[in-house]
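First the structure, then my questions, so here it is.
Chain naming follows the written order as A, B, C and D, and within any one chain the residues start at number 1.
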Amino acid sequence: MLTITRLDQQDARLLIDGARQKAEEIGVPMCIAIVDESGSLVAFERMDGGKITSVTIAQDKAFTAAAARKATHEYNEKCVPGSLVFGIHTALGGRLCVVGGGLPVSVDGEVVGGIGLSSGTPDQDMACAQAGIDHFLKTRA
Amino acid sequence: MLTITRLDQQDARLLIDGARQKAEEIGVPMCIAIVDESGSLVAFERMDGGKITSVTIAQDKAFTAAAARKATHEYNEKCVPGSLVFGIHTALGGRLCVVGGGLPVSVDGEVVGGIGLSSGTPDQDMACAQAGIDHFLKTRA
Amino acid sequence: MLTITRLDQQDARLLIDGARQKAEEIGVPMCIAIVDESGSLVAFERMDGGKITSVTIAQDKAFTAAAARKATHEYNEKCVPGSLVFGIHTALGGRLCVVGGGLPVSVDGEVVGGIGLSSGTPDQDMACAQAGIDHFLKTRA
Amino acid sequence: MLTITRLDQQDARLLIDGARQKAEEIGVPMCIAIVDESGSLVAFERMDGGKITSVTIAQDKAFTAAAARKATHEYNEKCVPGSLVFGIHTALGGRLCVVGGGLPVSVDGEVVGGIGLSSGTPDQDMACAQAGIDHFLKTRA
């Protein structure tokens, strides 16, 4: 039998709070998705003004980061024609997302969930996702 | 041009709060989804212990209730063999959900969004969805 | 509560009229899709001779332009291997379309819908989409 | 943070062994799927002669039983026209399976995974699924 540690609802709220604060700071309303370590949705928030397409993309970024235990921008880097990773962006009906903005959430070296941001540029999405993790790690201690 | 009124993030939080309180009261951890009047997700919460299958079902109930402006249990009632409504439960790839637990959210006689609950029995899901609406209507006034 | 402005059926007819006139002028029968600001279809016309594949592609272009508030050719420009946006073209099961020919429709600086054209070259599709918007903005005033 | 217990690969082999022995005993080659408590596949075996359609159905039965924490035949019982549960069989694109043959696997009162059998009659599928659980619970002690 395996014993797994995963985000609970309270953890998810901290992640969302940190990401939202950064999104407000840079003035970009975001879609924010938090999933557990298996990629199942725990919490979601579309800030007023977040894009409709981002409802799904934020969830897919979080899913990919948690379930593959890899940041989506790391997949992006290798997902170039000629690389053997190329094509992974169409896997799972396109649900495996290689656009920057999805980060695994780790505690004590173990992936316990994922966070996905969408509505800004990939750089903005990544910065807000990281802000969510920073806030979570700082506050839960 | 049409002018539309729809739930914002603050409204969504009130709806979730009311539904969660009822879910805690009856001791059934739920998945709670709030969508706008077009059926796009605004907020989602999986209470600790909510079912994985309910992540999607709660969203589909909310989507159906808002986008069709009809409670899912009202579709259910008519979705019986021999009725001309029968078969609607397979529409949109099964996303149109006729299981009880999805309610449209109306303000001033206009549908402004939807709420979907899943993880309990349909009766429990419906009671929590209604509790969300009651709390929202009472608190926003 | 949010207040949203979106295209109505009359607006949609103007958009289609402008796009059709341009399509007839260049001699390319087109599929023309108009969606509201949430990406839901408001009107669609397949001119006699329009391509069958374009029935879906025109809708996806209009959906993408409205729901992401960005022209599909702008996504196309950034969706190149090595860019952090790469991979967005497979999002939403491929429904997020980065082929040129989808434009958001804005009034008073706000996106109120989208128009998507398909059956010609991307340049032809874009020109007809723009013609639809020009006709709409000029006529409604 | 939540702590979760789930089936590991060794547990999955025990479940499959018990199910296969019963399938051989009754002379029906089966598809056997084992998933963890989130519904993700851990192990799968198509006995020589197992049906091709059952490759997916066995997985969907196991997924449903684990992720909804309910035997598929229990859903079946309530999924009748006129019941508020009716329509659940088309949820998740039909992946939520209400055909008999999927059972949750519980240890110490907690669902740790699911087993799904397909290729025989529902009664045969259910008997083999139960045989898998019996063997697992007896052997792991």
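Assume a contact is a pair of C-beta atoms (placed from the backbone, for glycine too) under 8 Å apart; a residue touches a chain by one contact, two chains touch by 3 or more.
This one's a predicted model, so the numbers in the text were calculated from it and none came from an experiment.
Participant: Going by residue numbers, if over half of the contact pairs line up, that's a repeat, so tell me which of B-C, B-D or A-B repeats A-D.
Facilitator: Selected pair, repeating A-D: B-C.
Participant: Averaging each chain's C-alpha atoms to get its centre, pick out the one most distant from chain D.
Facilitator: So the farthest one, by centre of C-alpha atoms, is C.
Participant: Pick same or different for copies chain B and chain C, depending on whether their interface residues overlap by over half.
Facilitator: Answer same: the two copies use largely identical residue numbers here.
Participant: Per the centroid of Cα atoms for each chain, what is the distance between chain C and chain D, given in Å?
Facilitator: 46
Participant: Please work out the Cα centroid separation of chain B and chain C, and write it as a whole number of Å.
Facilitator: About 31 Å separates the centre of chain B from that of chain C.
Participant: For chain A and chain C, what's the span in angstrom between their mean Cα positions?
Facilitator: That gives a centre separation of 29 Å.
Participant: Would you pick out the residues of chain A that each touch at least 2 other chains?
Facilitator: In chain A, the residues touching two or more other chains are 8, 38, 40, 48, 52.
Participant: Going by the touch rule stated at the top, which chains touch which?
Facilitator: A-B, A-C, A-D, B-C, B-D
Participant: Any idea which chain A residues touch chain D in the complex?
Facilitator: 1-8, 11, 36, 38, 40, 107, 112
Participant: Touching chain B in the complex: which residues of chain D?
Facilitator: Interface residues on chain D, with respect to chain B: 2, 38-39, 64, 66-69, 81-82, 84-88, 90-94, 96.
Participant: Using the touch definition up top, name the residues of chain A that touch chain C in the complex.
Facilitator: The touching residues are 48, 51-54, 56-57, 60, 73, 75-76, 79-81, 86, 89-90, 93-94, 97-100, 121-123, 126.
Participant: Using the touch rule from the top, collect the residues of chain A that touch chain B in their complex.
Facilitator: Within the complex, chain A contacts chain B at residues 8-9, 38, 40-48, 52, 55.
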